[in-house]
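Have a look at this one.
A, B and C are the chain letters, set down in written order, and residue numbers restart from 1 in every chain.
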Amino acid sequence: MTWLKNAMQQGVWPWLCAGSVAISLLMLGALLALLLTRGLGHFWPAGLDEITLNNGEVVAGEAVREMPLPDQTGSERLYFTGNRDLDDARWRWVAIDTIARQTQPADLLRLERRAWGDFIGYLEAVEVNGERFTGDDAWQQVQQALALPTAQRTHYQLTLRTPQGQTLRQSLATVINVEAPNAMHLGQKLRAWGSEVWQFLSQGPRAANTGGGVWPAIFGTMLMVIVMSVIVTPFGVLAAIYLNEIAHQGPLTRLVRIGVRNLAGVPSIVYGVFGLGVFVYGIGGSLDEWFFDDALPSPTFGTGGLLWASLTLALLTLPVVIVATEEGLARIPEAQREGAVALGATRLEMLTRVVLPMAMPAMLTGVILAVARAAGEVAPLMLVGVAKLAPQMPLDGEFPYLHLERKFMHLGYHLFDTAFHGEDVQAAIPLVYATALLLVLIVLVLNLTAILLRHHLRRQRGSEC
Amino acid sequence: MNSNGFALRMKYGAALGLTWLLLSLPLTGWAQSQGPSASGTLGTVGSDTMAGLMLRWGEALTTQHPDINVQFQASGSASAPPALLAGTTRIGPMSRRMTDDERDAFVERYGYPPLELRVARDALIVIVHRHNPLPDISLDEVDAIFSSTQACGSESSIAHWETLAEDDTGPKGPIALHGRNITSGTYGVFRQRLLCNGEFRPEVSKHMGASAVVAAVGESYTAMGYSGYNHLTPSVRPLPLTNRQGSPVMPSDTTIQNGDYPLSRYLYIYVNLPPDASLPPAERAFLDLVMSAEGQQITRAAGFVPLPLDALEAQRAW
Amino acid sequence: MTRTRLSSQPLRHLQDRIATALITAGGIGVLLAVLGIGVFLVWEAAPLLLSEELGSLSMLTPLAWGTLKAALIALLFALPLALGAAAYSAFFMSPRLRSRIKPTLEMMEAIPGVVVGFIAGMVLAPWVERHLASTLVVLLWLPLSAGLAGLLWHLATRRWQRRLPLSWAALWLIPWLIAMFFLALWLTPLAEQALWGGDLRHYLYDAFGLDYVTRNALIVGLAMGFAVIPSVYSLAEDALNEVPRPLMEGAQALGASRWQAVTKVALAAAGPGLFSAVMIGAGRAVGETMIVLMASSNTALLSASPFEGMRTMAAAIAIELPEAAAGGITYRMLVLAALVLFLFTFFVNTLAEVVRQRLRRRYQRMGSGA
């Protein structure tokens, strides 16, 4: 037992501490890995199973997940079966013990449709202007037709057959995509995956946010963040210059500085309350009464919107910009300022020609950090202006081009909304993962940029001194 | 000197304020020039039960009229009346009827009642895990399970599966209860119809959305919850409800439409429509779509039960 | 040349004055806006406090309780991890590793609350409900197994000790911990079968009357702990790293082991810094909204059980404020809740900042004294 005593003396404590670093890293890694696999995996064209149950029933679909049965006698598998217009259900739980036969037929198709969600089944025939194709010809016709724009596909009529034997006629104009994942080889799957990812990034949501992409949310987030930076940068920099260069460095300034720093710790929801009470109800309501009374009771600015959300987030991120800029200003050697003044520069010239250029990277860091914080913040937006679906962008070709009063979609809120308010969580979850991954990537990339910039800046400054 | 400097700063401050005002004026001028045009903006605030339906209607509307700008906010039916009252919206979808208080407040503010439109039929369902063998449930039992006050008159409360089920094939232990948050219309209707306006047990989890309730119940063998009919997935099983006559009724399109299922209800859209004024084009196009055959087909896609067309036509008032 | 200079002189000075005034006005304006938040909250909540509706304040009691409960559990989970990690990376980690690990851990802070809340509510909560015993065992077993690794290391030969040094332990412990994690997952159901009849939840209920709710305080605590760790870690690490090295070296020269020097000298010297790190963490935990909203059951209960849900003030504001009619009682009540949050976090942060500034001066004195 001497080794134990010895070990305790030398301490297992450092190991526990090392363990906490490892555990923290593990948690972070697990989170990112989960988001990456689920978020990107969703777009992979998954194989379709056709299973025959012991009682002769046929089910075809994509296996989604497995769960143990409540009495622990086995497990069951959830299949996405689609065809909601035919049997009123999209999902099917199948106990694994009841499966008699399982195959992956190469001609089993998955149709992405505008209404009613996906169809899973077989292609019987295609009718083009009265001409009827079956078998491989039909498949080729469909492939060709899918390259056409939607408007020209109206004369293509598909005859489809479900695995249970029901037939269904569907116009190709209402079909977005057709694929036979079981027959695809790796290259085709990769291509399909790429185009799915691209659609996710470039298209609007479909079928009550359970399908399609998140482009309006990306755009809304970006636009809000840009408007916010336009507001926050000048004010943050002004305040920092005031605190660092102009104000008398006394206890009062120190107090103010502590106050500003503390604002970074005030919960974001408090800013939301402020934004709702002051911007939306207060200023927005008055603006409506003064300028838009002909539109009342429809509100113009008296409701949450892009402008108010940007202002609220600008307030929220103000401390970030101020603190970062101040840090940059404080790093500039006093000799630089004295030299400029000694050469006859006024304070303005000293600031604009000497101090600000040197503090530029610090300011940039601050703004990037502010943008990163704003992009991930959801709670205040719930009070001041996000919408579930706003397919029309707040920026368009219609005068005055930038519609500050419009509501907008936001990635973070979109995530929250699809995960909790959607019609069908099971269908929405993969998209939620993808959205979460996108949001995390955006925020991490922004933060990394800021960190690298700051690092670069510190090294540069270090070599100068 | 110092006070002089302060006065100077004050002056500059005033100048700055004025500049800000001047800058903000063109901005308001912009938006004003937009005015009501053939396009227009359609904003709605209200029920989250109807969120999917509204989104689908919105999608159909923007396909028909690409210039209409659609904005939906859906955090619960209770958010519609204040928004209508405050004028933050003109169209408020609600999954329950307005209460008299809400209506009175509206009349007091505007001098006319809001236009009430029945747009689809829905039902509240009581759900359990898909493997739960419980055959059916009576209204009194629901009250005894979910309520802490038993305002409907049942004698004892039920907190355990053992008390509820006759045989012991099902789950054991306490019933994990799942429901909606206070602002939801589903919460209000459930409380009014099934708890006789009594209080919910404090233990009932208050989820942010109906699909979250369904997901939670589908994950947990000992759970019971309530949601709207449209959120039904195969992960959960709706319980047939015993109506006052004593026979259990399974919720289905037929039993909901003919009202046999005890918890069926209408879905409403409330419109702020002054008596002799007409609606802006965006709002009118939206309501036209909702009340059309195409609009009712969409209710089915969203999981609700459509209304007969003549019932819709009778409500047309714009 | 000279003449143009001279003639432009008044203009230059005017410009300078205008600019100074503008900057001052901007600066003061920003500071006023910042003050305005507090003033607005007080202004909107005051009618409630002054009216006879004070009885309705009891609505806030379960919210305040829920807030504290969530924050406490989060801190209970986050503080040991964050402070331990800070101590390790300040005193034991190789500098090269530290320059990579520290930014990585700080990146954790950037992960939006809505993502953490989603994972906690939709993935973690159902999983934990099915594997409650395993979760609790893992929570205890992972730190223990790190200690176990330490014991084994002392047993190992010199060659292995050199190959797996303590200064890189944060990395090579990861595979070990993963293995231990799966070991616990594999063994716990067997133990559960033997000890608690196969279902810990039933056992807890039968023996202690503990109810289990899917989205409970434990889940919120884990998720919020995850969000709090980076800020506490970062501040605590800074504080420990700034401890003047001569102090540590002196202690070790007097015969103290490295770890003794850390606990007896460094922790004492950096105590205020650690305190302020903890305060910041508490402020963050109290105000976090999305995680609580998504990972808790939002039931306004007054229960201390970690397996039951709660509702926090921040979550209540986010859910109910958009529906509350402006000026009504609920509205004012929620604004009051916001005011309480504001005052609490402001107080906590100010305390932390003051303590930190004082500490920095003390270090400077120590540094100059040495």
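As a convention for this text, a residue touches a chain if its C-beta (ideal position, glycine included) is under 8 Å from a C-beta of that chain, and two chains touch if they have at least 3 such contacts.
Values in this document were obtained by computation on a predicted structure and should not be read as measured data.
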{"item": "Chain at maximum distance from chain B, centres defined as averaged CA atoms", "value": "C"}
{"item": "Between the pairs A-C and A-B, the one where more C-beta pairs touch", "value": "A-C"}
{"item": "Centre distance in Å when chain B and chain C are each reduced to the mean of their C-alpha atoms", "value": "36"}
{"item": "Mean-CA-position distance for chain B and chain A (Å)", "value": "26"}
{"item": "Interface hub residues of chain C, defined as touching at least two other chains", "value": "22, 24, 26, 28-29, 121-122, 130, 293-294, 322, 326"}
{"item": "For chain A, residues that touch 2 or more chains besides their own", "value": "382, 416, 419-420, 425"}
{"item": "Multi-partner residues of chain B (at least 2 other chains)", "value": "73, 75, 86, 207-208, 212, 215"}
{"item": "Complex interface listing, chain C residues touching chain A", "value": "12-13, 15-16, 19-20, 22-24, 26-31, 33-34, 36-37, 40-41, 44, 80-82, 84-85, 87-89, 92-93, 101, 103-105, 107-108, 110-119, 121-123, 130, 142-143, 145-147, 149-151, 153-155, 166, 169-171, 173-174, 177-178, 226, 229, 233, 257-259, 263, 280, 283-284, 286-290, 293-294, 314, 317-318, 321-322, 326, 334-335, 338, 341-342, 345-346, 348-350, 353-354, 357"}
{"item": "Contact set on chain B toward chain A in their complex", "value": "27-28, 30-36, 39, 41, 43, 48, 51-53, 55-56, 58-59, 62, 68-75, 86-90, 110, 129-131, 171, 207-212, 214-215, 221, 230-231, 233-235, 272, 280, 301-303"}
{"item": "Residue numbers on chain A that touch chain C, as the complex places them", "value": "3-4, 6-7, 9-29, 31, 34-35, 68, 234-236, 238-239, 241-243, 245-247, 256, 258-263, 265-274, 276-278, 281, 315, 318, 322, 346-349, 351, 372, 375-379, 382-383, 412-413, 415-416, 419-420, 425, 429, 432, 436, 439-440, 443-444, 446-448, 451"}
{"item": "Touching residues (chain side chain B, partner chain C) in the complex", "value": "8-9, 11-13, 16, 73, 75-76, 78-79, 82, 85-86, 172-174, 176, 181-183, 202-208, 212, 215-216, 219-220, 223"}
{"item": "Touching residues on chain C, where the partner in the complex is chain B", "value": "17-18, 21-22, 24-26, 28-29, 121-122, 126, 129-130, 201-202, 205, 211-215, 293-294, 297-301, 308-309, 311, 319-320, 322-326"}
